[in-house]
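Below you'll find the structure, written out as structure tokens, and then a few comments.
So that you can tell them apart, the chains are marked A, B and C in the order they are listed, and the count of residues begins at 1 in each.
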Amino acid sequence: MAHQADNSYYIPHGTKWPIIGSLGLITMLSSAAFWVNDSEIAPWTFVAGVLILIFMLFGWFGEVIRESESGMYNAQVDTSFRMGMMWFIFSEVMFFAVFFGALFYARMFAVPWLGGEGTGAFTNELLWQGYEGVWPTAGPDDLGGQFQTIPAFGVPFINTLILLSSGLTVTLAHHALRNNDRTKLVIWLIATVVLGFSFVYLQIEEYKEAYQHLGLTLGSGIYGSTFFMLTGFHGMHVTLGAIMLTVIAIRSMRGHFKSDSHFGFEAVAWYWHFVDVVWLGLFIFVYVY
Amino acid sequence: MKKQNTFIVAAAVTAAMIAAFWLLLVAPGYTGNEINMTRGVTDQSEINYQLHMIVLWICVVIGVIVFSAMFVSIVLHRKSKDHEAAQFTHSTKAEIIWTIIPVLILIVMAVPATTALIHMEVAPETEMTVKITGFQWRWKYEYVEDGIQFISSLDAESNAARRLASGAEPAAVDNYLLEVDKPLVLPAETKIKFLITADDVIHSWWVPALGWKRDAVPGFINEAWTEIREPGIYRGQCAELCGKDHGFMPIVLKVLPKAEFDQWVRQQKRLMAHEEAEVERLWSREELMDLGKSVYTAQCATCHQGDGQGLAPAFPPLAGSTVTRGPVSEHIDLVLNGREGTAMQAWGNMLSDADIAAALTYTRNAFGNDMGDVVQPQMIARIKNG
Amino acid sequence: MSIASTPDMTHSTDQAGDHAHNHDDHHDHKPSGILNRWLFTTNHKDIGTLYLAFSLLMFFIGGAMAMVIRAELFMPGLQLVEPEFFNQMTTMHALIMVFGAVMPAWVGFANWMIPMMIGAPDMALPRLNNWSFWILPFAFTMLLSTLFMDSGGPAAGWTLYPPLSLQGGQSFAFVVFAVHMMGISSIMGSINIIATILNMRAPGMVLLRMPLFVWTWLITAFLLIAVMPVLAGAVTMLLTDHFFGTSFFNAAGGGDPVMFQHIFWFFGHPEVYIMILPAFGVVSEIIPTFARKPLFGYSAMVYATASIAFLSFIVWAHHMFTVGMPLTGELFFMYATMLIAVPTGVKVFNWVSTMWKGSMTFETPMLFAIGFVVLFTIGGLSGLMLAIASVDLQYHDTYFVVAHFHYVLVPGSVFALMAGTYYWLPKWTGHMYSEKWGKIHFWLSAISVNILFFPQHYLGLAGMPRRIPDYSTQFADFNMISSIGGFLFGSSQLIFLGVIIHCVYKSRQKASGQAWEGARGLEWILSSPPPYHSFNTPPVIDSSTLAHVDEAH
């Protein structure tokens, strides 16, 4: 098989996972569409779609992991994976950028205009008389009613500390892996997972507080919209990241990853740092400032 | 040889065709309204027209130069003429030149473009103000200083002719789709400020003869201004997709000499006073039904249809509706305040009290609803004033 | 120099081959059975074929909708469809053409050509490649299915401006999720393309030696990854405004409908360059081949592409000159937009200079490429006119704009797609297409496309708004001419279909490896059709095999 030695780049032949993924995706999304239109069975088919997707992810990644562990990938394949992950994270950055953009736009342009600043004088006088246009706001019509905001230096600050230290622990785990110190690797990874899920737990508590006591909901005008959209998508990413960290932790316990080659680990770590950085932006622009 | 001839002929035909189109466009005889941008009746439209012509000519010249160079080489530098291919790959000098020259051309264009834009956007002291509100699918005009207000919609004849397979011949309708029941009346030679907004979705107020359009955004007011030189009738259309009848939302300006305009204002004020008095009196059932029918046809029928059957799925029927056949107070409330998030807008500020009372009476009794009750303008006035 | 690492010839790869599948991994062994060959495929050529076939289908569906539009506009008065349905046709036509026809077609070209052009065996991430494609049929089924729902398809224009789009009923959520799926597909496709270009090049294929098609796609892929998530975010906000009570685009809650337009066009403007940059690339491959002369100013072409991409991020609000922006904003966006003419001009001048003093022949690909240069330039020049903010207050939302963008899209992107198809069909299939019918297709298309879109300039200037199903009688003549042109252009595309089918199934004229006398580049050193895995051995690269050698740089 001389020709194969030349073709060192591993090219899988045939894969059924993508089409399963597409079926999962279409099941999930079309169910979601039926769901918002009040279909009764849609929630169930939605869950079915999610399960198919999860099945696909496990199957697909499982296959890749097996191939990787049996040494089928060379350095070039590794680079492809790395690039893939980096650009994927870049696309996620752009996704969050939209919601930050919406926040800045609302605060810098829309709300002041409605409040009559600059060229908005007539808008305020004729359409929204008496509206002050100060942030935080539920808009001139006070959609969703009165609300209070969540003080930055309570739970959000604790969450900031949690995420920052989880960034540290995952880095420590990485060092341990590079030094081939498996025990430390597993310990630091578990610490990261615990921190990650504590963040999620605290955020859920915070949401409960917002809905039950502060009157702050998704419907609380532009403040509620941007607040929940940003923190919500971030929270979903933290949850996903924490699950991925769990998988990595389990793989580490099983002895996966080599000290000099561990793309799977690094990909998750990058993702985690990305989630971390987004949170810093959130903390500053949503809570503090 | 044959192939080559075909090519040259075909190329010539295409080139001639394109050239003919362009010539048509720029030939002096064709600069009329039908084929080129209108020169309009304001400074703004004149400036835009001139700027348009300057830029157009620059583009034509650039196009001619580029395409000629190309066609020369197509004709001369072909293999069938045994032209040997040169092998040069670049020329820094040439590349610098054709970077710099376009930059210069752009600067030449940017200067008048900047002054024109400033002229458009920076309004002088104005003498009167008109508030324009777009809603599906008509315009409401308010003369802020004089308190006059009315709604302007597609006129009945066009409206009938434009139905699918109506059988009417558009050419037989005067100003097909460009006519309204009540034009916006404005004085000539007066600096006018427009406050433009919308009630439901985005519309765009455009009369080409004024030289600009401005979007009407719900919840926000955009300002624009004009000073019209000559009295006359000027037509335009809504220029932002706003739903099914976006194409049937014309604008007609009737520009009068100042003195005539003042007269018009006085007359409108008399009419308004009369209307106010009318609200106080009790109306007969027939009066309400008659007025109601015309209000319904003009305002409500676009959505709920002339026969009250609505247009599934978006627009519910009023015939047999639980609202039109339900308690009066809820019916009034719905029509005055509309339904949030749907195309059913709040009519409270749009129509007069008498109009609303009449439309309610009509819809409660027509289409087989036969509720038998009447709604008096007084009731509306009382509810509106709390 | 090059990022591409030298192949690492360890034995682990050997085992790998055995492990994954037991058969002898012959170069040309195609999987048998429809499922294996097409549904589960990881082969860049098969996936490329899928993309191309899919986009051709979508082109015909989107085109059929355009025919409905043109038929209704044939004369004043409503003859065929209700206004609401007309709006659905306009919206769907654009969504299908943009996301279903042109974009996937370029991805198809990327799949087929990039590995061959850079000397790689396949794409970097073959499984992901399969998924990128196999999301699309589902996404478009979902999108098209909305036409059969009670509330009808989306009818607020492809720009989906709220609040109008929020009035869309039940089907709206399906549209949003379909857009999400298209976004996922595009992002994954682009990630793959970037990874392939940066990581899979044969040794010696340094960045500044890559064919221009590869370069333009590298930059396009970057644009895609940057802006598809922005579109996804925008439609997500529409969804929550519609169904979950948020107020992003509702003034009463402190939001602003115009904010959507800013976000949409931050995506939308780069999007139009996503559709044109690969076209620039293809034309830059074809013209040198048939002029038998190296591309003029190779590096300038690369830098110009990069500049266009950069500028495309800071010009978005030129679609919004009428929304009531502050004066300074309007000025900024006007100047930035005008600047794009400079790098684009460099491209046009370089193409002309490539032809200059060449030894030209005019096979179908070259005809389409020349048609592209001329007609795209006309579209670009009208774009420049639109960029003049003050005059755009007149042009905006009229048929002048419709004329502009169809000039850059139809005889622009679509002509380049056709040029590329004719150029590489012999390579893909191993057969020559019918030159005679190709030429007939070109001439019919080139003439009718002008009859179709040129008069629309006049309509716009004379005051005809876009997106209207019926118009005042003064616009009758030019609309009729335009519709006739439209039917002609549409019918001519049946020839295109015929030529392709003939070439694939019937043509007996074999194409040599180097199908065109003047063609340079790695794809031409392979046989026609090329082996199933393009380059199992990285090719040896020297200047005679390279498409472009601009020695001075």
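Here, a contact is a pair of C-beta atoms (placed from the backbone, for glycine too) under 8 Å apart; a residue touches a chain by one contact, two chains touch by 3 or more.
Just so you know, these numbers come straight off a predicted model, no measurement behind them.
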### Message
Taking the touch definition from the header, please name the shape of the chain graph: line, ring, star, complete or other.
### Response
complete
### Summary
A student comparing B-C to A-B should find more C-beta pairs in contact for B-C
### Message
Just to be sure I understand: the centre of a chain is the mean of its C-alpha atoms, right? Then which chain's centre is nearest the mean of all of them?
### Response
C
#### Entry: Whole-Å gap between the CA centroids of subunit B and subunit C
33
#### Entry: Averaged-CA centre spacing for the pair subunit B and subunit A, given as whole angstrom
44
### Query
Listing for subunit B: what residues touch at least two other chains?
219-220, 223
### Query
What are the residues of subunit A that contact at least two other chains?
113-114, 119, 127-128
### Query
Which subunit C residues sit where two or more other chains touch them?
250-252, 256
#### Entry: Complex interface listing, subunit B residues touching subunit C
7, 10, 13-14, 17-18, 21, 25, 33-38, 45, 47-48, 51-52, 55-56, 59, 62-63, 66-67, 69-70, 73-74, 77-80, 83-91, 94-95, 98-99, 102-103, 106, 109-110, 113-114, 116-122, 161-166, 168-171, 175-178, 200-202, 204, 206, 208, 211-215, 217-220, 222-223, 236-248, 312-314, 341-343
## Note on the structure
Within their complex, subunit C touches subunit A through residues 3-5, 7-10, 12-17, 19-21, 24-25, 27, 31, 36, 39-42, 120-122, 124-128, 130-131, 134-135, 138, 141-142, 170, 173-174, 176-177, 180-181, 184, 187, 190-192, 194-196, 198-200, 225-230, 232-234, 236-237, 239-241, 243-248, 250-256, 259, 262-263, 266, 326, 533, 536-537
### Message
Applying the document's contact rule, which stretches of subunit A touch subunit B when the two form their complex?
### Response
113-114, 119-120, 122-123, 126-128
#### Entry: Contact footprint of subunit C on subunit A as seen in their complex
1, 3-19, 21-23, 25-26, 29-30, 32-33, 36-37, 60, 67, 70-76, 79-81, 83-84, 87-88, 90-92, 94-95, 97-99, 101-102, 105-106, 109-111, 113-114, 118-119, 127-128, 137-141, 143-144, 217-219, 221-226, 228-229
### Query
Contact residues on subunit C for subunit B in the complex?
75-84, 87, 150-151, 155-157, 161-164, 166-167, 169, 250-252, 256-258, 291-300, 322-324, 327, 330-331, 334-335, 338-339, 341-342, 345-346, 348-350, 352-353, 355-362, 370, 373-374, 377-378, 381-382, 384-385, 388-391, 393-394, 396-398, 443, 446-447, 450, 454-455, 457-458, 461-463, 465, 467-474, 476, 549-552
